[in-house]
C-alpha cells in the first residue's frame, strides 16, 4: 500500500501543530502555547462541521449554535460546581461539575439534542433554504442567550478556575494544549472512520446524488440527520474546550460571525479533506495574530484573502499542496 | 387609550415590515433571477446609509443624501457584481456564501477605514418632522408614515416593473429559463448587472431612510440582513409576493410580540419578571414563526417555480 | 522556611526583571479603542496617561502597555493572557465594559495580578466574587441608578423605567427601584443593540407617566433620544450619567437639553484636583473630559500614590498602600469600602448649553458617602 | 382495456391518475407485471412513460389510484422504502454518485440490501461482505474491469450497465428500467438485450424503451401509452397488428 501525498502532508500538519507550543516555550514566548491551543480547538469545531459540510454537503451556517451550547455547558456546570448549588429539576436535583470528562459528556449530549431539533426542521429543506434556516436558528439561540439573564446574558459567564482533568494540572498552558490536541486527533480519527464506513458511504453518496441514494433504499433524511447530529456534537465539544481556554463564555460564541468563521476554516484548508479544518484553523489563527498585530484593519485583508481563495484557489491549502482530491 | 396604542403598534409593525420588504425584495429578486445567495446585501444597506449621511452632512439636504444613497448603493452593487459576483453564478451555494461573507468583511472594515468608528448622524428632513393625529386620539410620527408610503410605492412599482415592462419580461424569462433568455438575444450579462444594481438600490434606500431614524454605523446591516433572510424563507425564496407577505408578517409579529408578550406574562407573574421572560421570548418569536411555517410548508408560503 | 522561599522568589523575580534603583511597575491597559464604544476607551486611556504625565518624576518608572479589546470579551481574555504570560505586567486596568471585566478580572486576580477598574463595576465583583487584588476606582454599577431612584422618589410620582434585557440592564432597574420603590408607571426590557424604539415610545406615551428613567448605553441611547424627541412625547427624561456624559452629548444634540442625570463627578465640581484635571486635559487633547477620563485619571493617581509607599513586588504592602487611597481625587473625597469599592458622593447633574457646547452642571447631591449594596456579600478578610 | 391481474402479478397498478395543471400525464392507467416476464411500455415522446415510472418508484405522488407490490399496497411509501421492498429502478438520465467508483456505487446497493447504513466504524473497502457481491454484480453486467473508475468517467453505455448492476445488487424483486438502451451502440444494445433476456428469470422487468428491435425481441407483453392513457396492451404480435396503435403511434395512415 502506497502512502499518498495527502497522508504525508496530514502527518506533517499534525506534527507541526504539536511542535508549536514546545518551540514557543523554548523561545521564551509562552503565549504561543495559547495560540496553538486556539488552533486545535477551532480545528476541532471545523472538523465537526466538516462531517456535515464536507461529507454530507450540508452547508450549515449555524454551527455557532452548537459551539456556544458546548461553551455554556462548561460555564454553567462549572458555575454550579463553584457555588455548590445543584440544578433543581423539581423532582430531582443534579450537582454541577468541574470535571472535564463530565462536562464533555454533557456538552456532547446537549449539542446532539440541539442538532437533532434544528436538523429535524432544517433538513426538510435543501440548498439556500438550508443555509438560511440554520443561520436563523443559530440567531435564535444567540438572542436567547443574550436575553436569558440567569447565566449572565450579554455579559457572559466566567469560569474562575479552569475545569479539571483527572491527573493533570490544566492551568499549565502546555498541559491544556495537550488535552485539546488529543481530543482533536481523536476527532479526526473518528471522522476518518466515519468517512470510510457504511454510514459515510451513504452520507457522501447523498451529497452527490440524493435520488440515487433513495432509489437503492436508503432514506437520505435519516442519514443526514445523523450526520448533522454527530457534527453538532463535535462542535459542541470544541465549544466546551474553548470556554475553558478563555475561562469565559458569552453569547458572542453563538454569533453568526462564528458560524461564518468555521466555514472559512474549512475552505481555507480544503473542503472534504480530513485535515482541511486543521490546516485552515492554523492558517486562520496565524493570520489573525500576525495581521492583527500589524493593523487594526486585519479583517479587511482577511476578506481579500478569502475572496481570492474562493475565486481562484478552491482546493484550499491542502488542495494546493496535495493536488486533486481522490474518492475511492 | 388602549385602542390608540394598538393602532400605533400596528403602524410600527407595518413600518418595520415595509423596511424589511425593501431589503428582502432585492435579495429574493437576485436569487430568483441569478440563483445567487448574497450575504453582502446588508453591506449595501450600510453603503446607502453612509452615503446619505455623508452627503446630507456636506450639503445640508436630506433629499440630496437620499438620491446619493440610491446612486451609491446601485453603483456599489454594480461594481460588486462585475468584479466578484459574476464569477459565482456557476458555483455552488457554499462558494457564494463564502465569497459574499468575505465581501461583508471588506465592506465593513473598509467603511470603518473611510468614516471612522464613530456613528454618523443623519436627521429627519424638516418636511417630515413632527407628528400627525391618528384614530383613537393619539399621534403618530410623520416620518414613519412616510416610510410606509415609500414601501407601498416601491411594492407597486416593482409589481408594475415586473409585469408590464420589457425589463420585467426579461427578468421573468430569466427566472424561468436562463438559456432561453440567452437564445432570445438578451444580453444576459447586462441584465444581471442591472438586476443586481436594482436590488442594491432598494437596500440602499432602506438604509438611508432607517439611518435617519436610528444611527448610521458600521455593522448596521447585519441584523437587518438576517431578518430579511427570515422574511424570504417564510415567503418563499424567489417570490416578490412572498417577500411582501413575509416582511409584513415578520414586522407585525416582531412588534406585537415585543408589545404584547410581556403583558401576557404579566398576568402570570410579577411585572419585572414578566418583562424579562416576555422580552426573551419576544426576541425569539419570529424564529419560532419561521420554524412553524417551514414545518408546514418547507418551500415557504409562496414557493417559486424552482428552488 | 516559608519566608525564605518567598524571599528567594522575590530575588528571582528581581533577577528576571533586572534590578533597578526605583521599583519599576508595568501596567497592562486593556481598553476599547475601536468599534462603537471606542470613544469611552480613548477617553479612559487619555485620562490615565495625562495623570502619569502630570505626576512627573513620581511616575518615571511606570511603564504602560496598551491594547485594544475591540469590545470583545474573547479578545480581552486573550490580551490579558498575553500581558500576564509574555509581557509580565504587574497591574491590569482599563476595561470599560462589565462583560469584559467579568471575563478578565477573576482569572487575572487568581493569578496574583492586581486589577484596578477605571469604569466597570459588575455586582458579582463587589459581592460574592470580590478579591483583595481587585480595586474598583470608579463605582459599583448600581450606584448611579440608585442616585436617580433617590432623585425620582423626591421629585416624581409615576416614573416609567426602561433598560436593555441584559445583566447591566436588570441591575440598573433593580438599583433604581432600591431607592424609588416598586410602584413604577411601567417597566420595559428592550433588546440589546435595539435600534428602533417606536413600540416602546408608544407604550410610554400611553402609560400616563410623569417621568421616564432610561438606561440605554452607547448607540442605543443615542437612537432612543433622537426618536423620542421626534415622537412628540414630552415626559421628562432622567438617567444615569453614562447615557449623558461628555462623549455622547454632541451625538444626541439638543434633545438632551434639560435631562437630569447622575454622576460622581462633573467638570464644575469645585476642588483643586478637578480644576487641574480639566485644565490640563483640555490643553493636552483639546476637548472636554468625560467621567471616563476622570475615573481613569484617579486610577493612575492612585497607582502613583501606592508606588510611592511600597514595591509592587511586595503584594501585601502594595495592597495596603492602594487601600489607603491616599491621592487627590478629582471627586473630592474618596475612600474604599471593605470590598475595595468606592465610598463617594453622587450628584445629580443637568445637561446645559454652555456657549454652544452641551455639558453637565451639578444641581444637587443625591447621596453623601454612598456605599454599594453588595459589600455585605463580600467575604474578603 | 383494463386487464385483470393474475394471481402471479408481482406489481399491479390500478386506475392511476396524475395531472399537471390541465395536462393529464397519467389518465386512469392500469397494468401489471407478472413473474418471469418482460412487460414493455412504449409510446411517443411525452406520452407520460417517465411520469408513470416516477409514480411507481415513489418520486411522484399520484392524484388517484393504487399501486400494489408483492401483494401489498405501497402507494403510501417513500422511494427508499419501496426500493427496500425490492423495486429496482434505472434512470432515463443516468443517476449515479459521480465521485464514487463503479464499485462503490454498487456497494451502496449491497449495503442497503443488507440492512443498516448506521454502521460507523468498519471501513467499507475492507468489508468482503460488501465488496464481493458488488464485484459479482459488476461482473454480470460486464463492468468488472472498470470497477475502480469513478462513475463520472464511465462512458454513457457503461453507466447504463452500472445502473443495472445496482438494481441487481439490490436483489430486486422487480425491475423498472427506463430506456436502458439509450445512447448505446449496436454492439452494446445487442449485449444488453441478451443480458435482459436472461435477467427476466430472476425478476420481472417493466421496460420502457424506444429501441423497437429490442422491444420486439424481448417483450412478452407490450402496453402502449399515448397522452397518458394505455391504448393497447397485449403480445408483441397483437400490438404489431393493432390498428389503433398503428394509427396513433407508428404513424400508419390506415
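Labels A, B, C and D are assigned to the chains in the order they are written; within every chain, residues are numbered from 1.
The rule is short, and it goes like this: a contact is a pair of C-beta atoms (placed from the backbone, for glycine too) under 8 Å apart; a residue touches a chain by one contact, two chains touch by 3 or more.
By chain, UniProt protein names: B = Branched-chain amino acid ABC transporter permease; C = ABC transporter substrate-binding protein; D = ABC transporter ATP-binding protein.
Keep in mind the model is a prediction, meaning the values are calculated, not measured.
Each step here moves to a touching chain, and the least such steps from subunit B to subunit D number 2. Ranking every chain by how far its Cα centroid lies from the centroid of subunit B, the top place goes to D. Per-chain Cα centroids separate subunit B from subunit C by 38 Å.
Subunit C and subunit D, compared by their mean Cα positions, are separated by 76 Å. The distance from the centre of subunit A to the centre of subunit D, each centre being the mean of the chain's C-alpha atoms, comes to 44 Å. For subunit D, the set of residues touching two or more other chains is empty. Shared contact sites, meaning residues of subunit C that touch two or more other chains, fall at 34, 165, 170, 189, 191. Within subunit B, residues 112, 276, 279-280, 283 each touch two or more of the remaining chains.
Working note: touching chain pairs come out as A-B, A-C, A-D, B-C.
Across the interface of their complex, subunit A is touched by residues 33-34, 68, 72-74, 77-78, 81-82, 85-86, 98-99, 102-103, 106-107, 110, 122, 128-129, 164-168, 170, 189, 191-192 of subunit C.
Here subunit B touches subunit A in the complex through residues 31, 37, 84, 87, 93-95, 97-99, 101-106, 108-110, 112-113, 222, 226, 229-230, 232-233, 237, 276, 279-280, 283-284, 287-288, 290-291, 294-295, 298-300, 307, going by the rule given at the top. The touching residues of subunit C, when paired with subunit B in their complex, are 34-36, 38-39, 165, 170, 173, 187-191, 193, 195-196, 198-199, 202-203, 205-206, 219, 222-223, 226-227, 230-232, 251, 253.
Residues 193-194, 196-202, 204-205, 208-209, 211-220, 223, 226, 327-328 of subunit A touch subunit D in their complex. The residues of subunit A lying in touch with subunit C in their complex are 29-31, 34, 83, 143, 146-147, 149, 152-158, 160-161, 173, 246-248, 250, 252-253, 296.
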